[in-house]
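Letters are used for the chains, namely A, B, C and D, taken in the order the chains are written, and counting of residues starts over at 1 for each.
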Amino acid sequence: MSHRIKAFLALLTVALPLTAFSQDTLTLPAPPQEVQAFDTPNDNGHSIAIRWKLSADDGAGANSVTMYEILRAESPEGEFVSRGVVAAGTSTYDDRGDKNTNRPNYFPSGTNFYYKIRAKAGELSSDSEVAGPASAKGQWYHTGKTVVLIFMGIFMIFVLIFIRQAQKGKELYVRPIGGIAAVDEAIGRATEMGRPILYVMGLGAPNDIASIASYTILSRIAKKTAEYQTPILVPCNDPIMMSIAQETVRTAYLDAGRPDAYKEENIYFVTSMQFAYVAAVNGIMLREKTATNFYLGKFFAESLILAETGSIAGSIQISGTDEVAQIPFFVAATDYTLIGEELYAASAYLGREPLLLGTLKAQDWAKGLIMVLLIGGALAATLHWDFFVKLFSVKV
Amino acid sequence: MPPLGDLIWTTLAAFLTFCIFSFLYKDNPFYKFAEHLVVGVSAGYFTMLLYFEGFIPKVFVPIFKEGKLYYFIPAILGVLMWTRFSKKWAWISRYPIAIYIGIGTGVAIPLEMQTKVVQQLRASMTAISFNGSAGLNNLLVVLGVFCALVYFFFSKEHKGLFGGVAKFGIWILMIGFGTGFGLTVMGRVSLLIDRVKFLAETWWPMFKAFVGAVL
Amino acid sequence: MAFYEKLMGLDRRWVYLSVGIAVLIPFFIPFDVPVYTTPEVKAVYDFVESLKEGEVLFLAIDYDPNAMAELHPTARVIMRQAFSQNVKLVISALSQNGPGMAEQLISEISKEFGKKSGIDYCYLGYKPYPGITILAMGQDFRIPFPSDYYGVPLDSMPMMRRIKNYDDVKAVIDVTGTNAIDFWLVNANARYKVKLAAAVTGVMAADYYPYLQSGQLFGLLSGLKGASEYEVLANQKGFAFSGMRIQTIAHIVVILFIVIGNIGFFISRTQRKK
Amino acid sequence: MRQQLPLTIIFVIGVFMALQYFVPHQSSEFIYEYALDWVIIIGVFAMALGLWSLFLVHFAKIQKKSAGWGYSTIAILGLVYMLIAGALWGIEEGSPFMKIFWYIYTPIQATMFALLAFYIASAAYRAFRVRNILSTILLSAALLLMLRLIPIGPLSGPIQDIDRWILGVPNLAAKRAIIIGVGLGIVATAIKVVLGIERSYLGKD
């Protein structure tokens, strides 16, 4: 058969199913019902929430609806513009936009808008009635985060109670933590061997709370090294951490009555990049032969490199981090590890000031409350008291 | 014959790779060379990154291009940090540091309370039952979290029943640490595989071709 | 120093040397290591193996170049297996910067098996909103993809004449590092009852075992390990197998040293008790 | 006065930023983004202190010709080159600046990272001894997870299921307890800083 006829036949066979194909969708899909448009709660005032009832032909009936298109206009009869598309089976949409005027998808706050939803089945579609007017408004309080505010309030009350108790001189028992008890012995060892102490504040940001905890511990350890006359090396990963470490150690030496023994050149900036910093600290450990290494703060993958190099150099190593993924490596490769929360308790243990011990007691009470809520919540979930469980979900 | 430029740079990269690996044997001049080189290079790199992607978009553009004069305030605070260059005026740097720390801690209180405490607590509130694997697993998770939290109590001595529960808690923690360790071995080995692949499949053929061509 | 003390206190550098050798040797001496194939991988292999000539399989390559290291081997071995049995393939790439990478793989393997676009396979390419695209394909592939990746209309493709939607494909295998798999589960498997299997990154795998137990997925490959098992089943030992082989040897070395260390430790404790 | 004012600043800013978290309004969003810019800008300016300290340390070694002064010159040269190259030819792809990044920094960084494969083996060898209950549990959990990759024939099936259970139950419980503990520790420490109970980092004179 000549080429042209074969092509014609091929076209014919293709066309047939197509005509048959378009036959059964001539009937329009049922339009979505009860469209509502209202200001999205708990937002910055630049979005409107739209809800509707699914079209009768979505998931049932002709089951032909594949998607819904959200259309918006400035007035009921005005020109409708498409604002977004959602898959069938979805009945909500947040029409959101940018807050500053010069951005392309700027969404004005406070202006009235009208919405309608178009149910689409292939090329055919049908529109719902127009809903509106609705205007976007910014809220001043995020109701979804109330549970966080309550938790913060309770925690604050515990702190204030136990601080006042501590100020009244109430004796407070604190269970021993291996790593902290070993600090004096570790510094003593460095003094005997006449070798320096290495203090690494971690690779977190200067205002990471783990870094702040590390400054408070450094201040107490520096006081001891001032008394023991042992040099302390603090290679820093960030200029601001360097400045804070210099202030902390200088003040510790001042408090210990030995301001002249403070050497600012021992607290210096190495570099900001993770593995270049680790390469340098490895060099310090082996060349300065530090007797005791402290790794306290936020650590990432480099934790094991520091810990293994330190143990090659034969130093006593006390580590502590709140990075859950790195604790296993410190536990395996260093002599003592402060696990997660113990890093934050260390400064209270070392300082023993009543205010700090008071906050520690508050932490324990908060933990007790959480354990009660934990058991209560599990029981509530089992008995399907979903209202109780829902109390603790945060709607961001 | 590979392009000379590529060959030199790739060989340099391979040489530096060997310098770092030599640290496994012991600290040596090659490692010291690579270490100091990367310290200098990385400090320079980060500084220029801070300049082009920190100073220009956050200070120069807002103030001089967009006329947002209120961006002068953080810039002045930044300059105040330079008072640390002199011993006499170093105390002034306490103010930018105070603001720096204040913003960090203020943001952390609600954020960490939500993500680490409330949401983890909410995630543990699952239906527990004694039959059916899902229910039983949920029960064991809730008990595990309970006992591990008991271990973290500071102001109560680990004695008697309380001590027993705490002991069970540290066992759970140790299982978690062992799991964390065991899971990570594969990831770390693949890092080494990539380095050896670079040497064996990128550098070596290129180097061999060059040596062959020259000889 | 007694023998057992040596075992306990080996110089670290022996450990480093052994790890180095364990990783280096396989690069030069190819040798096989038995791979245990898990049932969830075998289920996918057996299914593709059971497909007869002319039957159609939907292969969704829904990942970006950054997940390539873990997922490309799976896409490659499944595609080669299907083509070697003259099974026809409909291929999608529903992740933003994945289409170019997927196209390279398709052209490489189709050239290898002499397969033609439009006759042996149809590469649909990328459309935004994976949820809507997967749902619309349940009605008709032509709704989201009137023409394929190269701009050829589906209606003019001999292969696509009898293929309208999921009812005309034997199964969908989604290779992804993103949440596209959730859309396949809800919009394809649940709504149109199409048989679905998934190949995901190692990190994601743990979350998708429940779907395996519930039967929503008939098979599951997890990261490079799943790919290496599949390569062994299809005896196309490639990238995944060689990678996993080194991992296996390295893990054996680590475990050996743990055992050695403990043997030395046990003997020294019994000695001390005497 | 020098001590009191910074503490009040921290208290005011700390409380304000903590409460701002609960205000979704556009102006609160603006202040949040503006405050984060402050943190970045102060950090950018502080880098000068870092470079100065780096320069002092290495320059002192070079001047006094103390041990390793040759290496310090390399560090200074590396630093100066990157500063000049970045300033003159920019930091886009293909610039000499990025050439150094791809062929000097990246190989060293990747190889330092790869050292972990060796160190994880030696740490396992040294630490995983059946000394006491805790180290035995640590060792067995790690072993069970590592066995996933070892072809031990019929045993592999049960190993996979045990691992899935360990990951899903005890490991999950341990991680959740630590995270909740850390969360409380962070909030407590942050409150101590905001209330001025923890103030050693500010220094005294």
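Heads up, the rule we're going with is that contacts are C-beta pairs under 8 Å (C-beta built on N, C-alpha and C of every residue); 3 or more make two chains touch, one makes a residue touch a chain.
Treat the numbers as computed from the prediction; the structure is a model and nothing was measured.
Colleague: A-C or A-D: which has the larger count of contacting C-beta pairs?
Modeller: If we tally the contacting C-beta pairs, A-D comes out ahead.
Colleague: Find the chain most remote from chain D, comparing centres computed as mean CA coordinates.
Modeller: Here the answer is chain C, farthest from chain D.
Colleague: Mind checking the centre-to-centre distance between chain C and chain D? Centres are C-alpha means, answer in whole Å.
Modeller: 33
Colleague: Roughly how far is chain A from chain B, centre to centre by C-alpha average, rounded to an integer in Å?
Modeller: Comparing mean C-alpha positions, chain B is 14 Å from chain A.
Colleague: Residues of chain C touching 2+ other chains?
Modeller: Each of 12, 16, 19-20, 23, 247, 250-251, 254 in chain C touches at least two other chains.
Colleague: Which residues does chain A have that touch at least 2 chains other than itself?
Modeller: Residues 145, 148-149, 152, 155, 206-207, 209, 212, 240, 243-244, 247, 270-273, 275-276, 279, 287, 324, 327-329, 331-332, 339-341, 345, 360, 363, 367, 370 of chain A touch two or more partner chains.
Colleague: So which bits of chain B are touching at least two other chains?
Modeller: Touching at least two other chains: 20, 23-24, 32, 34-36, 38-39, 41-43, 45-46, 81, 84, 94, 97, 100-101, 103-105, 108-110, 112-113, 117, 121, 124, 142, 145, 149, 152, 173, 176-178, 180-181, 184-186, 189, 192.
Colleague: Mapping chain-to-chain touches, which pattern fits: line, ring, star, complete or other?
Modeller: Here the contact pattern is complete, since every chain touches every other one.
Colleague: Tell me, which parts of chain D touch chain C in their complex?
Modeller: Result: residues 117-118, 120-122, 124-126, 128-131, 139, 143, 146-153, 156-157, 160, 164, 167-168 of chain D touch chain C.
Colleague: What residues on chain C touch chain D, complex-wise?
Modeller: 8, 10, 12, 15-16, 18-20, 23, 33-36, 38-39, 206, 209, 225, 244, 247-248, 250-255, 257-258, 260-262, 265-266
Colleague: Which of the residues in chain A come into contact with chain C in the complex?
Modeller: Listed in rising order, the residues of chain A that touch chain C are 10, 13-14, 17-18, 21, 59, 64, 66-67, 85-89, 121-122, 312.
Colleague: Report the residues of chain B in contact with chain A in the complex, numbered from low to high.
Modeller: Within the complex, chain B contacts chain A at residues 20, 23, 27, 31-32, 34-36, 38-39, 41-43, 45-46, 81, 84, 93-94, 97, 100-101, 103-105, 108-110, 112-114, 117-119, 121-122, 124-129, 135, 138-139, 142, 145-146, 149-150, 152-158, 173, 176-178, 180-181, 184.
Colleague: If you look only at chain B, which of its residues touch chain D in the complex?
Modeller: Touching chain D: residues 9-10, 12-14, 16-17, 19-21, 23-24, 32-52, 54-55, 58-59, 70-71, 73-75, 77-79, 81-82, 84-85, 91, 94-113, 115-117, 120-121, 123-124, 137, 140-145, 148-149, 151-152, 169-186, 188-189, 191-192, 194-195, 198 of chain B.
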